[in-house]
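As written, the chains take the letters A, B, C and D, and residue 1 is the first residue of each chain.
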Amino acid sequence: MADITQAQTEAVLAAAAKVALEQGTAMNIAVVDAGANLKGFTRMDGAWLGSIDIAIRKARTARYFDMPTGSIGELSQPGGSLFNIEVSNGGLITFPGGLPLYSQDGHVIGAVGVSGSTVENDHAVASAGATVEF
Amino acid sequence: MADITQAQTEAVLAAAAKVALEQGTAMNIAVVDAGANLKGFTRMDGAWLGSIDIAIRKARTARYFDMPTGSIGELSQPGGSLFNIEVSNGGLITFPGGLPLYSQDGHVIGAVGVSGSTVENDHAVASAGATVEF
Amino acid sequence: MADITQAQTEAVLAAAAKVALEQGTAMNIAVVDAGANLKGFTRMDGAWLGSIDIAIRKARTARYFDMPTGSIGELSQPGGSLFNIEVSNGGLITFPGGLPLYSQDGHVIGAVGVSGSTVENDHAVASAGATVEF
Amino acid sequence: MADITQAQTEAVLAAAAKVALEQGTAMNIAVVDAGANLKGFTRMDGAWLGSIDIAIRKARTARYFDMPTGSIGELSQPGGSLFNIEVSNGGLITFPGGLPLYSQDGHVIGAVGVSGSTVENDHAVASAGATVEF
């Protein structure tokens, strides 16, 4: 299994934090590896305490299903095909802000999760992390 | 980070309990500090046992996101941007009754959470605690 | 079932905190009712964060078995008749600092738990709470 | 309550990782803030997966009691005054590798936890993090 390295993790965290600073937001940013285990984490000064757990869960959720967290959220609504999937795995977060991370050759090597502002801002910061080229 | 003191905590609990007595309700009232750790708690005679945990979670939730718990609940409904956020952090409570506590100079120093009646009554009692001047 | 009141709880917390101040220690002090549910709690300024949970568990443990927590600890050692009883009930604390609370006529109406210093100091502060006359 | 910053956190992680590299060990390194909430985390390539949780718990335990984790472990042995304290707080780690972090003026502003090798190596890496001057 190709797996994200510590150096790549730091590049993802830095790219994401850079966009958060540009936004003027204070974010929690988490990276998990190909096994969905925590690889790196940073909390910017003033970021919400409740978003520590959410950032980590977003990263984990994105790797659990190899898709953006928001895509799962579209299916987990009342009447949806995955209604209340959030109670599984000790708690999933299915709104935007979590994205898979890919190697150059297209394999999932981990995921990034961001929490600390609106889901639009969270997603933009996660995208900055997810578009780092390895 | 400024933090709430024991004396301030007791003032919050007393101000909240006073309004509960005026309402004729029996409340659980919890205060957490700036780190979201329990600082003070009181259960009025006859208050619901199930509200012990809810009062503490409301206080924690309010500090986790530095906003009234009810504001989160507006966004966590089906179709909302934070649907099912409640599964994070070991369980959030996102209906009214939790409010941040601020120092004179506007920093969050903790939060108060109230549970034991309707959410309107819970919120009114929490507000009495949150408007104590430090 | 006779049960501790809010007024009695506050008297226990005050009597315990008074001795802590005399000791020069910073304590977490918890009171549970006859049903082992949290009734009151206070954390003195500077008290250990890890002792929040321990104070509450000591109170609960003392009421679970209607005896001083330290008495259970004597039986839970390796080779003892209650070895590792601590893993039950979501986690018991069996060293000194938790004591049952009695009504005038000798019924258990709750318990007090104290944590924040040596077990000797914790026990002394709990004793001050447990000897309040109702 | 003074609190550790993101920049200070990164300095602690870097100083700790530097010593781990010199040792030839692969470590999980966690930093919590004054409220015992996760502030930063890094896992070196090849570090044990089971040590993610242990590093975080060591940091938390050190801040919970403002002392080295190993000092608690000396008291939690069979016959010791804090026997089985590990069941509290959702699980404490009481062997070496967790140390409080202090501001210049002597206040605890957080803690560092390290796990991934022998407790001697873990402690040495944590010490490198804990002796960064802020």
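One rule holds for everything that comes next: a contact is a pair of C-beta atoms (placed from the backbone, for glycine too) under 8 Å apart; a residue touches a chain by one contact, two chains touch by 3 or more.
This structure is a prediction, so every number in the text was calculated from the model and none was measured.
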Between B-D and B-C, the pair with more C-beta contacts: B-C
At the interface of subunit C with subunit D, does the proportion of residue numbers present on both copies reach over half, so same, or stay under half, so different? different
Centre-to-centre distance between subunit C and subunit A (centres being mean Cα positions), rounded to whole Å: 42
Need the CA-centroid distance for the pair subunit C / subunit D, whole Å please. 29
Can you compute the centre-to-centre distance for subunit B and subunit C, using the mean CA position of each chain? Integer Å is fine. 25
How many Å are there between the centre of subunit B and the centre of subunit D, using C-alpha atoms for each centre? 31
Contacts with two or more other chains occur in subunit C at residues 49
Among line, ring, star, complete and other, the chain contact graph is other
For each chain, which other chains does it touch, given as pairs? A-B, A-D, B-C, B-D, C-D
Subunit B contact footprint on subunit C (complex, rising order): 5-6, 9-10, 33, 35, 37-45, 49, 52
Spell out the part of subunit D that touches subunit B in their complex, as residue ranges. 1-3, 33-37
If we count contacts the way the header does, which residues on subunit D are in touch with subunit C in the complex? 35-36, 61, 63-66, 78-79, 81-85, 87-90, 92
Subunit C - residues contacting subunit D, complex: 48-51, 53-54, 57, 73, 76-78, 84, 86-87, 91-95, 118-119
